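The first chain written gets the first letter, and so on, giving A, B, C and D; residue counts start at 1 in each chain.
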Amino acid sequence: MQKEEKEITKWRKYPNAKPENCAMMIIDMQNDFINENGRYADWGIDISHMVRTVEPIKKVINFCREMNIPIIAARFIIRDLVEYGIGWKIRPLIVQGGLREGSWGVEIIDELEISSQKGDWIIDRPRFSCFFSTRLELLLRGLNRKTLIVTGVLTNQCVESTIRDAQMRDFEVLELLDCVGTMGGTMMDPITREKAKIAAEELHCASLRAVTFGLGDVIPSQELIGELGKISK
Amino acid sequence: MQKEEKEITKWRKYPNAKPENCAMMIIDMQNDFINENGRYADWGIDISHMVRTVEPIKKVINFCREMNIPIIAARFIIRDLVEYGIGWKIRPLIVQGGLREGSWGVEIIDELEISSQKGDWIIDRPRFSCFFSTRLELLLRGLNRKTLIVTGVLTNQCVESTIRDAQMRDFEVLELLDCVGTMGGTMMDPITREKAKIAAEELHCASLRAVTFGLGDVIPSQELIGELGKISK
Amino acid sequence: MQKEEKEITKWRKYPNAKPENCAMMIIDMQNDFINENGRYADWGIDISHMVRTVEPIKKVINFCREMNIPIIAARFIIRDLVEYGIGWKIRPLIVQGGLREGSWGVEIIDELEISSQKGDWIIDRPRFSCFFSTRLELLLRGLNRKTLIVTGVLTNQCVESTIRDAQMRDFEVLELLDCVGTMGGTMMDPITREKAKIAAEELHCASLRAVTFGLGDVIPSQELIGELGKISK
Amino acid sequence: MQKEEKEITKWRKYPNAKPENCAMMIIDMQNDFINENGRYADWGIDISHMVRTVEPIKKVINFCREMNIPIIAARFIIRDLVEYGIGWKIRPLIVQGGLREGSWGVEIIDELEISSQKGDWIIDRPRFSCFFSTRLELLLRGLNRKTLIVTGVLTNQCVESTIRDAQMRDFEVLELLDCVGTMGGTMMDPITREKAKIAAEELHCASLRAVTFGLGDVIPSQELIGELGKISK
């Protein structure tokens, strides 16, 4: 007799998020990643999948400002290779430059109008996860926020690493699928062991699925805005 | 004029690993995950993709014992829901039982013959990453090992979270693709928002690709054995 | 005109602790430290200042069991020098033995009747602070306890390091002065640069003062029992 | 028969430090602590014991620049009470102001001429230990430095907490006794439970002794300069 298969995860793990418990994370929306004059575009990388997040992120920012949901923007910054650890073996392009302390490239793109004068928080770090060797966890506990609205780039790198770290610390993650983006590119496929051009969207969807599988909720930004807006009335 | 696309990552990031720098990680090869009488099988989950790792892992263990490469086995253990954090919202099946302190289910499967008497190290923890709230990093630095041979389950959960944490701490990761496995299942697809049956192999490959993209090397166990064996002669 | 001196700290920082927010920490009350047949006594160290804590700790344990305050006992355990880091340069006696995994010496002294069967939690680690590379913080958050009743040995070493780490993580510390103890001994005085015999009580008081100065509250156990008992009625 | 007492610790734990392994830490030499127009002086606190460190620290900085020993200066910074955690229950004066992000008070005193343009590193954080929720450990490993020359204020607070965290991570600590300082003040004595005026020097010496007892080496700056200078020739 075959056993009945159980549900391996819930579709919505945190269906009842409340605005007063939320903080918004904006990860690495920096010129070097998102601006057409930034390093990534300059290296010939197609940044369009990341650029597509700008408009929806702006709407979420406006909504969070209205709802008094704190906004925390993270930046990936290194002074030089000393701080980059084994990163240069993984992303050799960075050896030449990019994401450097004090440069225009590390600034958050102007369109988002992030500013500590407005009360936004800025977290800088030299590794993927925004929790790793930063004060982010302290800040979230100080703000008394347990639900993270997650946006930014790259879906499968810094965003997913931050989500994994959030889940381990018992923060509830709401990842906004239209507000996270990545890049594709030519790389060896570990299974076929042939060079393959992998689309940004493919890597993006794979990461969103990994989140749904066991890390948090993945929903469109309009849906979240609708849900939180309704609760607050 | 179109810019030439740069290589986004190296295929082999750490081609020159040496046995004297390596430690082998065996993640969550516990009865509840891998044994046909364990909880996961009991819940009706198809564990075959995880079970297929047992034989290749045994070979890697034997090789590591010959080469004096230390073996570190990690176990996922909780006493009760107090230690499981928000995990129960993500994996509701665990509320009923499984992975409980003191039970047969948390023991590492007998076939692997892991034993602290032989000098193997055991790391227990209640979260995905083997680095998170454990002494693993201290142990690796004490052993003076910077290269991690990674095996175990689930490819896309505890294995990938451990790999992400290893990379942030500047440990070089060699993930053995035939020695890591996962499970599939029916879940909502975050993009289509329809229920879909996703195969273990699909989740597995997506995770291996994420590792290749920016976290470490992914190779077959025989290849690693060949490379390390050659160096040591 | 001379400025009036401001109060540099409050005497009681947390005067309103409630039983339902408390957890009791018992640090390193292990045979090797406290038992007359343990390693420390065997090395000729006067352990009487540590032994004097046993009776008051037992009373606090009984009180905590009555009040359903969870009890967390920590043990200092190393398998061998690999796990001891630079500790052997600091405490060379440990090179010979003591505090070793699996030995009688690492067990918590029988008098305290600590047992996971009763619901007590055990935290093992190879460094001074009970928070460092352990799941203690996760556990306290899972138990929803923010106030730590701190007991054990050595006042100025593992106890104080744990208190410092607790304060940084925003846990409120109530150190029970009759339930913590240390050892004295002959050592070079860093100021006079002459060998001096320093009494346990002197090191103990210096540490309690450092806690009062900026880390937490220091009170006798009877006072705490009185305060918490009154609140609960 | 009385047992012979064993040496409880070595006087010099790390007698063979080498310049190429060293980094210099300068902790919290900020206007609010050290400058006569800073907050601490303004509150009527006698800052002379801290001010006395300025000249010897300058000499050590000059020596380190000559020897290419990297200099890491840490600052205690909070934006507002959200980031201060339970600190306000411990140091109520800070509620009114001091150590605030963007203020003159958080700047490192001009006399030390610390500057990232010169290659110095700056670490900001809102808790005592310079390791806690910062990238300091990553930086030290990236710089390949395992020996920390420790200077700054307050001996018994941020300095000692940083030293405790350094030791747990296996960094060798050389604390320079003339380059660390603290403040005294009127507080309740935890033993006598009477108000007492405790001198800065008393708290300072107690902390240095705690370091000698089990955390690291405590020596005068001239001695360290002599030792390291000799080795490098």
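Just so it is clear, a residue touches a chain if its C-beta (ideal position, glycine included) is under 8 Å from a C-beta of that chain, and two chains touch if they have at least 3 such contacts.
If you're wondering where the values come from, they're calculated on a predicted model, not measured in any experiment.
S.K.: If I average the CA coordinates per chain, which chain comes out farthest from chain D?
M.R.: With centres defined by C-alpha atoms, farthest from chain D sits B.
S.K.: Chain D and chain A are one sequence twice: same or different residues at the contact, by the over-half rule?
M.R.: Same; most numbers are used by both chain A and chain D.
S.K.: For chain A and chain D, let me know how many angstrom lie between their CA-based centres, rounded off.
M.R.: About 36 Å, centre to centre.
S.K.: Could you tell me the distance, in whole angstrom, between the mean C-alpha positions of chain A and chain B?
M.R.: A distance of 24 Å separates the two centres.
S.K.: Indicate the whole-number Å distance between the mean C-alpha point of chain A and the mean C-alpha point of chain C.
M.R.: Computed from C-alpha means, the inter-chain centre distance equals 40 Å.
S.K.: Pull out every residue in chain C that's touching 2 or more other chains.
M.R.: 85, 127, 138, 141-142, 170
S.K.: Hey, which residues of chain A end up touching chain D in the complex?
M.R.: Counting only chain A, the residues touching chain D are 79, 82-85, 101, 116, 121, 125-127, 133-139, 141-143.
S.K.: Flag every residue of chain A that touches chain B in the complex, lowest number first.
M.R.: 2-11, 13-14, 42-45, 85-86, 89-93, 127-129, 132, 156-157, 160-161, 164, 167-168, 170-172, 177, 183, 185-191, 198, 203, 205-216, 218-219
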